[in-house]
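Shared chain: subunit A. Partners: subunit B in the first complex, subunit C in the second.
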Partner chain A sequence: MTAISLEALEQSLALMEDAEIINRQTPDGLHFTFIYIGTIIDQERLNESIMEPLVRSFQSSVEKSLITAKITRLFNLEQALQDLLKGSVLVHDSSSGRWNAILLPNSLSRSIETSETETIMFGPKDSFSEQLEQNILLIRRRLPLTALKTERYTVGSLTQTTVVLMYIDGLINPEFVDYAKNKLSSIDFDMFLDSSHVAAFIEDHYHSIFPQYLQTDRPDSCAHSLGIGKLVIFVNNTPFALVAPITLFHLFQSPEDYINRWLVASFLRPLRYLSFLLSITLIPFYVALTTHHYQMLPLQILYVIIESRSKLPLSPFWEAFIILITLEIIKEASLRMPTKTSQNLGVIGGIVIGQAAVEAGFASKVLIVLAGISAISTFLVPNYLVTKSSLLLQFMFLIFASYLGIPGILLGLVGMLAHLNGLTSLNQPYLAPVSPFYWRDWVDLFVRGPLHAMSIRPDALRPLNKYRVSRRRK
Partner chain B sequence: MTRFLRTTIVLLASFLMILPCGCVPLPENNMIEEITPIIFWSVKGGREDGKITISTLVPPLSKEKKRVLTLNVSLLNEGNKGFNLIYHNELKAGQIRLLFVDEAYAKRGLTSLINTVLTDPNISKRLFLVITKGNFDEFLAKHLDEKDSIDFYLYRMFKHYEKKKQGEITVVNLHQFMKMLYSQVSDPQLPVFRAEGEQLLYEGTALFDWDRMVAEIRGQDDQISQLLYRDRFVRYLVLPDLSVTLGHIRAHTRKKLTSDLSSLSIEIDVKGRIDELDSLTRIEDNFQYVALTQKIERYLEENVFHLLSQMQHLRIDPLQIGGLTIKPFSRPITRDTWDRHWSTMKINVKVRLHLEPLTKVK
Partner chain C sequence: MRAISLFRKTSQQESGFYALFLTNRLQMLHYMIVMPTVLVQPYMLWVIVVVGILSQFCLYILSKWFASPYPAQGCQGFEKLFGKTGIKILALVSLPFLMLKISFISVSYADIMQHFVFPSMDREWHIVFPIILSCYLALFGMENMVRFVTIVIIGMIWILFLYIPFFLLPSNSIHDLYPLVPIGPEPFAWKSLLLVFSSLSGPEYLIAISYWLSPQRKMLKYLTIANAISVGEYLFISIASLLFYGSNYLPTIKYPSVEMGRYLQSPIFERVDIILISAYMFSIIYLLALFALMVYGASRLLGKAKKGTSRLGLIVSGCAMVTCTLSISKWFWEPGIEQTFWLELQMWAGSSSYLLLPLLVWFAMKRKARTTS
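Presenting the complex of A and B:
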């Protein structure tokens, strides 16, 4: 610990052009030194609420002059610098020799906007922003409970990022909280600019292509997760919170499932699973059938495929590979382009290039149709990270299909299932409630049962309080 | 090291899992643009040297100029191999859907041909078997135009009539033929087509004794046979002798054998409507309507009786009446026993006609 001195602070803040050191004198002859970083504090409030009252005051100390401000006494240089960088103004009272810190952070932030990554037609539209306090506020509004606990951690030697662990005490399984605390405490890295960076350090299997934390910017989704016995991790300066523990099946659930009528939601949810399967296996099946198993094609379809593939220069594998890569280039390009341009790009990429490829004899019509179906199927999965993962899986299945045909695809599926079965999220099985089997949780798994049937919190999460309804019976 | 061991075990287990399932880990190269998946064979017998003539149309399923490949061979697969030597693509039999067999060949027996097709693991059991008359190769030669996909259209025709048992033509696939062939108490039947110039005309149904074609039924008999065979639907039952056409016919047949196998009673409930009437009968008059119905019933009874008598005479059972002798916990009767009883069996036929007159009957 180093003692605070003006010289030491001046030395630390050397070559920081936004660092200010200002001296002011009161009518009583008291000298105050204000040290702050101009870009991260609210300068208007500094002038109106701190400097003005202080220099005009006839009181003998800072505490007495600024009775409404939250003042922290400083004792060492490290603490002073830390507070300074968090947006505090350091005030030195020359008469008493005391150093004080007054928190005046610049509240520059965007307003609460609609979620762009998890859009829904009906239901709450608000979403998290980059400001941590605002995000916590959105949850506290939804869950006004004293049992809603928040614990702060600071991670990143350079970024000094604040991470908040949130859970409902007395409801969540304490095992999860302890495990998450251990993970967060053991993080050792310099920069954390997004919640996915934190997730990379606290997830159990960082080599896997499947996310083990659900990233969401929807407060309603977080509140629901907290309410059923999960925990949420907020990271400062990012609108995406992390939800854990999750299973593979959570990645296919959308907040809209609970807004739609339960029968409609139960129809849509299996459609997402089917779409995911289609997105990873449809084109590999085409390659397997056209390369190895022509016998399996119905004659009517064989007729169409022979017609469309008769004069193509590329084998089914290379044809599919090139089309898929092209499709990914178009998708990536449309993501990076401005909105209006990306729409044109989609049209040019999807229709013009596809049509031109068929007419030029580089690709078959059948494959273009299948590639279109496959690409659209990926968008049905609500989780963006899974959408991206499905691309890699598709290529893996494509290679298996090309070499081994349909047994290859089955081998790939078995391998994928084995991998999923080995995954854990917050040390909890990733395929629960299928493996291990929790029959009661199936009411909200492949179908979304009526809310009345969900009177018990998921068994797989082993919550301390498992009933969602009052247990008093008349 | 542990990871290496684990990987080895997983790979070994995967391959062991695949191999016993009969899946070849490195399958054949069947790249669709490099092969020619033929969809029919036409087999003709009756040559003096005992050889068979096998033909097919290439390239199949495409809008290109076609040609007929024909070879005289001793064995079916010799022809299959021979085709590869005279055509630039490898001919694959995995999509073969139609097998046309010449009448002369069918009369000598189909067992060897059927067994060859049946034992080939690539060939599906849903292969339609057809008996042809006339010069089938000449018929094919008239359909070589690039716009003409006669092979595909023939397949579509059989597939259409197979679905929902349409009953216009007899449709039998390899699986059904085998089932009837190896049954102790029934005989197979197949459709018969005549190739005439550029037309392939449906003639009727060929009846088999074991694997040899012994008779053919046509026209009205064929339609009645189809009605009796598993309650098919027949769109039109034309009865020129009565100047009447019945439409949308569905029959429900109840067959009953006496325990000593001495007599068979058949009750047929025929539902349909009068589609065409070329006589002075006034069906809006109830009396005349009932008279016409009774007339049709008697006529159908006579025809069914006549058809069954023919079958008794030939000692064949394509309608699988012998299946009625099979009962749980009892020993199935032998072929000889059934033939002996069937040929002398007394037959009673009762037809009940339920007609929709499509007009007001007073």
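Presenting the complex of A and C:
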């Protein structure tokens, strides 16, 4: 630890254009030195709430002059620099020789906006922003509990990113909290610019293509997760919070499920699973049928496919491979382009290129139709990361289908399920409540049962307080 | 090779459902391969019911084992019951039984696959791919394996519904199921009795994995339900094939339950049997993985059991499985006499292990109780 001094601070802040060192004198002749970084503090508040009261004061110390401010006494240079970089103003009192820090961060942030990644028709519209405190506020508003605990960590040797672990004490299984704390404490890396960077360091299987933390920018979704016995991790400067432990099935649940009528939601949820399955197996199925199992097609459909493929120079595998790659190029391009241009690109890519490919004899009409269905199916899955994962799976199944036909697709499915069965999120099984089997949790799995039937929190999470209704509380 | 914990146990979950699902899958393993070729007369349906009751007796003895304190102690429990040498002998005896079962299932399935799905592909490839995948599944360890059975059930339960249309055919008549009592002196079909009993065998292997099933006193309930479901499924498929083919034509077909799939039609697919056979792979791969872990566990008991488990050890066990199965397929699986020989061998091996293994464990427990008192 280095002793704090004006010379040491000046040396540290050398060549920092936005660093300010200001000296002021009170009517009583006391000298105060203010050190701060102009770009990260609220300068208006500094003038109004700190400088003016202090300089005009007749009190003998900073603490007595600024009775409403939260003042932290500083003892070493490292602490002083850390506070300075977090948005504090350092105040040196020449009479006592003390160094104090007053936190005045610049609250520059975008306002609370509607979530763009998890849009819903009805229900709460607010979403998280890049400001950590604001995000915590949105949760505290929804869960006004003293049991809602927050623990702070700093990660990243360069970014010094604040990470907040949030959970409901007395409800969540303490095993999860301990595991997350251990993981967060053991992080050793220089930069954390997004919550996904933190997730990469705390997830159990970083080679897997499946996300083991749910990233969401919806406060209502986070509050619900906390309420059923999960924990939430907030990372400063990112609007996406991490929710854990999760299962594969959580990635198919949308906040809208709990807003819709339960019968409607129960119809839509299986549709998402089906869409996911279609998105990864529809094209491989076409390849398997046209390469190995023509006999499976009824005569009328067979005529259509044969007519459609009769002049194609490519095998079904290469035909599908080229179309899928083209489709992905168009999808990626439309993501990177300005909104209006991307709409045009979608039309050009989807209709013009598709039509041209058919006319040029590079692809069959049937494949274009299937590729379209497959592409649209991916968007039914509410989680963007799963959508991206399905792309790789599709290519894997395509290779299996081209060599081994339908048994190849089944081999791939078993392999994928075996992989998923071995995955864990926060050391909890990824396929719960199917494997391990918790039959009571099935009320909110493939269908969304009525809320009245969900009086017990998920068994798979093993919460300390199982019951969601007060009359059954033990 | 990094040491991994293939045989660790971390959770104490209620596992009656796993026992139920496992028993059912083990008992239904042969439905596509041998059943219902032997039950060609309607009155033979009673064989399934009678053997089901006999199977219940074996499961009752098995439930005594689950209710005892030994399974919860894992390997130590077996050591207390049989002694160190006893375990080694048991492991040594169980290996040929396991290898026979693995080889028989794999080659029979590959045979079906080659016959119905990929006639141009070598049968050996149909053996190698499922075993490779089963080794991958086994690499996740016994605890994961045991709970994977739920996925296998979900992946296969729908197959049964495909047979419903065979009950709704306009040509069906209740008279097709007569006579339910044999007319005149019929030769007693020992073989069909034995074949059905061996088809219902398999739950005896639960003894080896009882440590992961968190034994409990209610186990008999789950085992009974599983047995009843299996008997129901066999009856269901046998009646469907009897109604569809008739008792005169049925004996001439090698794989009736698979052939029936050929007659199923939908607006999108014909030859539904290809999907049906492929889906059957769920069960095959799962049970091969379970047996692979058992083979590895048994060989560890014969060697240095104190050393930690390794991926290499399991892969070597997988290689042994592939070698054994491929040898049988390549040199000893000619249609006709040799195939029948393997079927009969499996029939005897399956039946004897199902009858004797629970009895052996039960006698050992009785003997232990007598000596300790």
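Assume the second predicted complex is superposed on the first by the 471 of 474 C-alpha atoms of A that agree within 3 Å, B and C clash if a C-alpha of one lies under 4 Å from a C-alpha of the other, contacts with A are read in each partner's own complex, and residues count from 1 in each chain.
We adopt the following convention: a contact is a pair of C-beta atoms (placed from the backbone, for glycine too) under 8 Å apart; a residue touches a chain by one contact, two chains touch by 3 or more.
Not measured: the values here are computed from a predicted model.
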Putting subunit B and subunit C on the same copy of subunit A, do they fit or clash?
-> clash
Mind working out whether A:I301 is in touch with subunit B, subunit C, both or neither, as first, second, both or neither?
-> second
Partner chain(s) touched by A:L404 [first = subunit B, second = subunit C, both, neither] | both
Is A:V434 in contact with subunit B, with subunit C, with both, or with neither (first, second, both, neither)?
-> second
Mind working out whether A:F75 is in touch with subunit B, subunit C, both or neither, as first, second, both or neither?
-> neither
Looking at the overlay, what does A:F267 touch: subunit B (first), subunit C (second), both, or neither?
-> neither
Check whether A:W318 is in contact with subunit B, with subunit C, with both or with neither, and answer first, second, both or neither.
-> neither
Which partner does A:Y467 contact after superposing on A: first (subunit B), second (subunit C), both, neither?
-> neither
Touching A:S310, do we find subunit B (first), subunit C (second), both, or neither?
-> first
Mind working out whether A:G422 is in touch with subunit B, subunit C, both or neither, as first, second, both or neither?
-> second
Subunit C has the stretches 129-137, 255-263 or 345-353; which one runs into subunit B?
-> 129-137
Determine where on subunit A the residues touched by subunit B overlap those touched by subunit C, and list them.
-> 292-293, 295, 297, 404-405, 407, 411, 414-415, 418
Seen from subunit B, its contact residues with subunit A in the complex are 10, 14, 17-18, 21, 23, 25-33, 35, 37, 39, 61-63, 92, 94-95, 97, 122, 124, 149, 152, 155-156
For the complex, which residues does subunit A have touching subunit C?
-> 292-293, 295-298, 301, 404-407, 409-411, 413-415, 417-418, 421-422, 429, 431, 434-437, 439
Which positions of subunit A touch subunit B when the two form their complex?
-> 290-295, 297, 299-300, 302-303, 305-307, 309-312, 315-316, 403-405, 407, 411, 414-415, 418
Please name which positions on subunit C make contact with subunit A in the complex.
-> 11, 13, 17-18, 113, 117-118, 126, 129-130, 133, 136-137, 139-140, 144, 147-151, 154-155, 265, 267-271, 274-275, 277-279, 281-282, 285
